[in-house]
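What follows is subunit A paired twice: with subunit B in the first complex and subunit C in the second.
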Partner chain A sequence: MKNVVATNEFNQVVEGNSLGKDAWRRLRKNKMAVIGMIVVIIYSILAATAPLLPIYPYDQIILDHQHLRPSLTRTSGEIMMENRLKDLYFKAWRSGELVVTEAESAQIRKWIAANDTNKVWNFVFKEGEAQREAGIFTFNAADQRVITRLQDKIDTEFLIDVTQITFSEEKGDKRQDLSKMSYEQISRIYADLSNTDIEAVKAQTLTEVSSQLMNTLKSATPGLTAEEYAVNLELELQTIGESGVAKLGKTNLLGKISTTITRQADRDLKQEIREGLAVFPVERIIDVNDQLQAKVTATKKHERMYYLGTDYSGRDMLSRIIYGSQVSIAIGLVGTLTSVLIGIVLGAIAGYVGGKVDYILMRIVDIMYGLPYMLLVIIFMAIFGRNILNLFGALALVSWLTIARMVRGQVMSLKNSEYVEAARSMGGSTARIILKHMIPNSLSVIIVYSTLRVPAFIMQESFLSFLGLGVQAPFASWGSLVGDAVDGMTLYPWRLIFPAIAMTLFLFAMNFFGDGLRDAFDPQSKNEL
Partner chain B sequence: MKQPILQVRDLKQHFPVTSGMILQRQVGSIRAVDGISFDVYEGETLGIVGESGCGKSTAVRSISQLYKPTGGSVIFNGIELTTADPRTMLAARRDIQMIFQDPYASLNPRMTVRSIIAEPLVIYNRRNLLDPPLSKLEIEHRVEELMERVGLSKVFKNRYPHEFSGGQRQRIGIARALALNPKIILADEPVSALDVSIQSQILNLLSDLQKEFNLTYIFIAHDLAVIQHISTRVAVMYLGKIVEISEAVNLYDNPLHPYTTALLSAAPIPDPVVERNRQRIILTGDVPSPDKERFGCYFYDRCPKRMPWCSNHIPPMFKRGKNHEVACWLYDETRDYHDVSMEEAKADAAKASK
Partner chain C sequence: MTKYIVNRILGMIPTLFIIITLSFFIVRIAPGGPLSAERNLTDVVRRNIEAKYHLDEPLIKQYARYMFDVMRGDLGPSFKYKDYDVNYYIATSLPKSIVLGICAMAISVTIGMGIGIIAAVRQNSWIDYLTMGLAVIGISVPLFVIAPVFQLIFAVKLKWLPTSGWYTTGEGYLTIILPAVSLSFEYFANIARLTRSSMLETLRSDYIRTAKAKGMKRSAIIFKHAMKGALLPVVSYLGPAFAGIITGSVVVEQIFRVPGLGKFFVQSSFNRDYTLIVGVVIVYSVILIFMNFIVDIIYAQLDPRITYK
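On to the complex of A and B.
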């Protein structure tokens, strides 16, 4: 088809103009909305690309790194040492070895009484360091030993990560990725590796899988008798079937092989450190036996940097916040999408059909409005179990009410407009009229409401997570991070502050963006062209 | 005798008035159209005129089955529309299209001109009611052809309605109504929202199209000059009833019904000398509410020539000459009712109702 352009009487090209284009032009003029949009986009990109970012795993627990404060320059080892020293200086002050003036001691006691632990630590640390520098104070032998041992640990400990295990039958054959092989093959490989019989390996794996399943059963339905558990286990095994068992067994075996390799690499590396040969970070391919080969990386454990500190089990707050944003933003978007879809469908039906249908639907909405929605969500989660998918479902289930009312109102006002009458006189079906005429014309209201709805969802999810009904560890969301952090609020404020800032910033941005959209879609807004 | 293309017989459109929250009871009804009958012949223009609220628009919406009529029948080309099944109805409706009053409200602001004009084609194409079925490209060509025909440049087809003036929008509406090659077009005050110069353009366009495609119009207006210009026959409506129906020339020269006379006398004449000497008939009172059943002449309350008889006898259509019918007891040639007293009239009505 030939593309014709519209020209005016001066032969200038006249551009067609749509509501969307107009809205975009108005939105661009609104600085705050644009900033909000950019922030939202950045957040979304960060959340979407989290697995590719150079950050530590969000669920890796390093107990040595509990509650490390955030620092841009110092490694975790240095902060660990500082924490230990604070502790030791404090003990020294208690036992009278660290001498301070009477006034300072009184101040320290006052801080202790007021629970200002951080102030005490900072003070004794500063004082102690200064005195040690000046040669006035030295640690006693026991303390000195503790320090030396810690320093040794910091210098030598490393983390081994087995990234890939490959297998080849004969030397020089094409190497296969172990994780892509079948349970049968892996069983044989493991049997070779551990010098046992393949049948023994399989039997062992089956016992392990059974006991795993038993554990989940016991935690899911506590308080049954042993026989009942046995019956349930049998049922469970039947439901997951042979392939299910194989899948679980494969994961177990892979873990075991990986552990064996890790142990071997660990031994080798320790030897090398003793000989002073090791240079970190290490990245090498080691031959486990004639057939197995593993790619192993090792990094110094205490050279990690925690820009936003760590939590109570030594997990990196930065990566937890980024992975948490995944969950939070997903809930915001998916929840809004589902609730808007339900709302549009029911609202449009109620508005267009009218009469009894409308009456019944709207009374349902009224009743659901009347119920405390958090209670509904909590009941829903209690019945269907606590996982992220159910959380989505529960939130969507209670939040379509307002949008349904809005769409109903719009549809009712559009129902008698002449263009809908025209479409009916042309024989347009109900579905066509709703989809082509009514929904497009109420879309601006819907879009704006949805963007304002996203922050509300994030808040609700946070609230539920805060109550312990939301996402479960090791997964994180902004709400669960804040909820976890409340315990040590005064001692470890970074655990609370950073997720809270991340969340607040996003909510602000989303609200400004939503506001901007509302103005942009309203041709009569004061923010004119 | 020509065969009528559309026959309307005793068409009634009552809108229920309900009360009660859960158990809705009908407490009355608005009798928007209360039994109208007329024929429309091929190639003619039937003008319907009347003051606001007399049921003109409702009448055409009932005829096109946008509202399900309460009673009566609409026979189009031999097909009874009120009882037709949906598919027959749809096939018949292909030949009945509407043009709406407000060119701003009758076009979906979110659709381009192309999709607005193509919509009837797309709907009928998808339901396999077009013979032969059209391809996408053919629909495109048809849209362009229609746009050129109603005087719009086809380069505007990607534009949105809000970029056009009122007259241009009404042209879009006309193009949409023409898309399916209808036989009859129901025009619901198509020019009343336009200014006078544009009105004449649109009226001329409509007459041209009528000659070209042999269209039949039912044309609603409250502007008597417009009706006079375009109509071959004119029906005058009052309170949901047709009070007079006649050839246009005849009606303007020789109005019979007291209401028609009053209506015509209300139109100003653009000549100061004539205007100054014009005899106006001022009707007293307002149009009564159409919410109760009437047993007498519908115009009785305001009629300057009312007789006791009129209060409880509904006048039938009396033939006066060729193609001129009027619903007024004054024109019953069999009897003169001036002398009948109220008591006699009442007694007669009571007897008739038994």
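On to the complex of A and C.
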């Protein structure tokens, strides 16, 4: 077949053309759709590779770095100092130590009355710095002490990260990575390290694991009695079994060992700073005892840069937005996928089988259309616990309706076509006809509809997270970031603006892409919703 | 016509019945109850409270009792707020939500249709591109982003409008503008897009060409002939739009501190205030079903091809 070239009477080559190829050609012509597609791809790559990107952990809380404004060039320490100075200058102006003209004072008072805190701070800061430069103004002793102490803190504080812990029985033996060892071995090592008995360590770990599980239980299903919790805990322990407990215990013990090492490294480094020996960033291997060795890195805490600022507990907004897009995009994709799958199955059954089944299924769809379904999702989330899994479930549960109707319509119109009849007369089973003939033929409609569903899903998820019913801290999603930011938006506008831009851009791109895809697959289609 | 309306009204009853039943059982099946937040209850006190709210009866009996009360128009006492019953809270807060919803709907319909018609009549001109660009923004920017951003720009920075509050508490009628505009944003955009596309299609049809050939005025053609046909898809969109405005008002009320029904809805879901949740859901569903009904009637009025059978 390969070499046969179809020619017509004018001896021209007629190329075969598939729907997909044709659609792709039309899509490529639509510039906005292509740009949209590229933006969506970039977002997806960023979200998927988030753990590999050189960004700070999204859940690392540094309380000193609360509400730092975004800056491309200045370190967190400099901004902290600036914030403190603003505060001190303002206090100085209040007490009359910082002298400004009468007109300027009146202006400041006007700003204070109008709640323009940022303007006041910026003004006193500029004025104060200028006066201090010129030697007119000096801080009083107490304020000066505060500044010196802060500067000292900025210069010396550091963050320690234990990247790897290795173990060897005897000096010179092959070193083993501690995270790859068994619970049993690690318990023994920890017992040696903390000079306790191995049985005591194990008992202690078991209690900790139980209380951890208890906390998860309590947050998942709040409001049970103590006995019910105890029963649930027992069940939970049985389900995860011995190996599950060991796994959790191992994580706990590793955490403890690395805390011990961090403490030791902290002590050493502080000593070195006092002696003026330390050069940051530090990366070294330290011997904890004869058997344990750890690779430790330390960086200056206040030399971090926050390009998009920080939030209310000093977490980096940039990495929170990137990890937030991970959650949001995942919910968009998975939610769409599940709802489309449910819709296809039910719609195909209703359309193909017809009769009573069709009637019942379509009445269910009608009734659910009549429900204020977003409100049902809110009830569902509020009552069954706020975790991501429930969110998926609740959203998928209410959003398969339209796709089911669409597939049903398609299947009903295809049911009587010749090729389906042919397949049936050759003895094809119902499942085979639906799966092999009908669904592939409705696929273009389904794909187009699904791309337009993704932004809707992301919006719904964000809507719930905004209300506090969706993704919970420390996790983030675009909606929860915007929701958190609304309260302090006059003082810290960057917390609102950056996630909002990130989200809007993605939804923009996705809408353009979806529109383009629809025009490409179905050129006759109107600009419908 | 009358028969159709009566039938439709009768048809609402089973839907409502199912909604009430569903919400009643969903809230009760879920773990935890309205009393679980109060830690130090002695058994006697707990039993007394349970008896007061009939929580000690079997579920089926509670359900029958509740259904009977609802039919009499009594939504029961609130579990959380001791001062008044659910009827009172809904009666005081619902009007505010309805005013907000109607304002938002009015804005989105008038502006959306106006822009859509202009864009269709001047197809491929700069007006067309500008308005449709604006419409894509409206569709892509979520409500809870646009609302705080409007608040930041128009209330905090420019100080043209109040940041929050509601006119009933004495902050003036300007308080309606921001919430209503933010709430209408998405729907205005959708309506504009719909109007434009259906108007374009209508303008290409034969009867419009006939009208043109008769030498009718352009304005008469657009407003008398084309508009009626072009409005059909828009009207059928109003049902879902109203549903969206209702859910959206939960967010807008929170951001602009409007003392409407939305606040009760979110709070009661957190508190598991059974009667209040179900009450609010019933009210929302009634509004929704009623609006769908109105939309159907208008639709039938506009399109003589639809018969009431």
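Convention: the second predicted complex is superposed on the first by the 463 of 529 C-alpha atoms of A that agree within 3 Å, B and C clash if a C-alpha of one lies under 4 Å from a C-alpha of the other, contacts with A are read in each partner's own complex, and residues count from 1 in each chain.
The rule is simple: a residue touches a chain if its C-beta (ideal position, glycine included) is under 8 Å from a C-beta of that chain, and two chains touch if they have at least 3 such contacts.
Treat the numbers as computed from the prediction; the structure is a model and nothing was measured.
Contacts of A:496 after superposition on the shared chain: subunit C is touched, whereas subunit B is not. Once chain A of one complex is fitted onto chain A of the other, the partner contacts of A:459 are limited to subunit C, with no touch recorded for subunit B. In the superposed pair of complexes, A:242 makes contact with neither subunit B nor subunit C.
When the two complexes are overlaid on their common chain A, residue A:170 makes contact with neither subunit B nor subunit C. Among subunit B and subunit C, the chain that touches a larger number of residues in subunit A is C. Subunit A residues in contact with subunit B (one complex) as well as with subunit C (other complex) do not exist. Considering their complex, residues 1, 4-7, 16-19, 417-419, 421-429, 432, 436-437, 440-441, 443 of subunit A touch subunit B.
In the complex of the two chains, the subunit C residues touching subunit A come out as 15, 18-19, 22-23, 26-27, 30-33, 36-37, 136-137, 139-145, 148-149, 151-152, 156, 159, 190, 193-194, 196-198, 201, 233, 237, 243, 246-247, 250-251, 254-255, 265-266, 269-270, 272, 277, 280-281, 284-285, 288-289, 292. Of all the residues in subunit A, the ones that touch subunit C in their complex are 114, 221-225, 367, 370-372, 374-376, 378-384, 455, 459, 462-463, 466-469, 479, 482-483, 485-486, 489-490, 493, 496, 500, 503-504, 507-508, 511-512, 526-529. Taken together, the subunit B residues at the contact with subunit A in this complex read 61, 64, 66, 90, 93-94, 97-98, 100-102, 105-112, 119-120, 123-124, 127, 137, 140, 153-156, 158-160, 163, 173, 176, 180.
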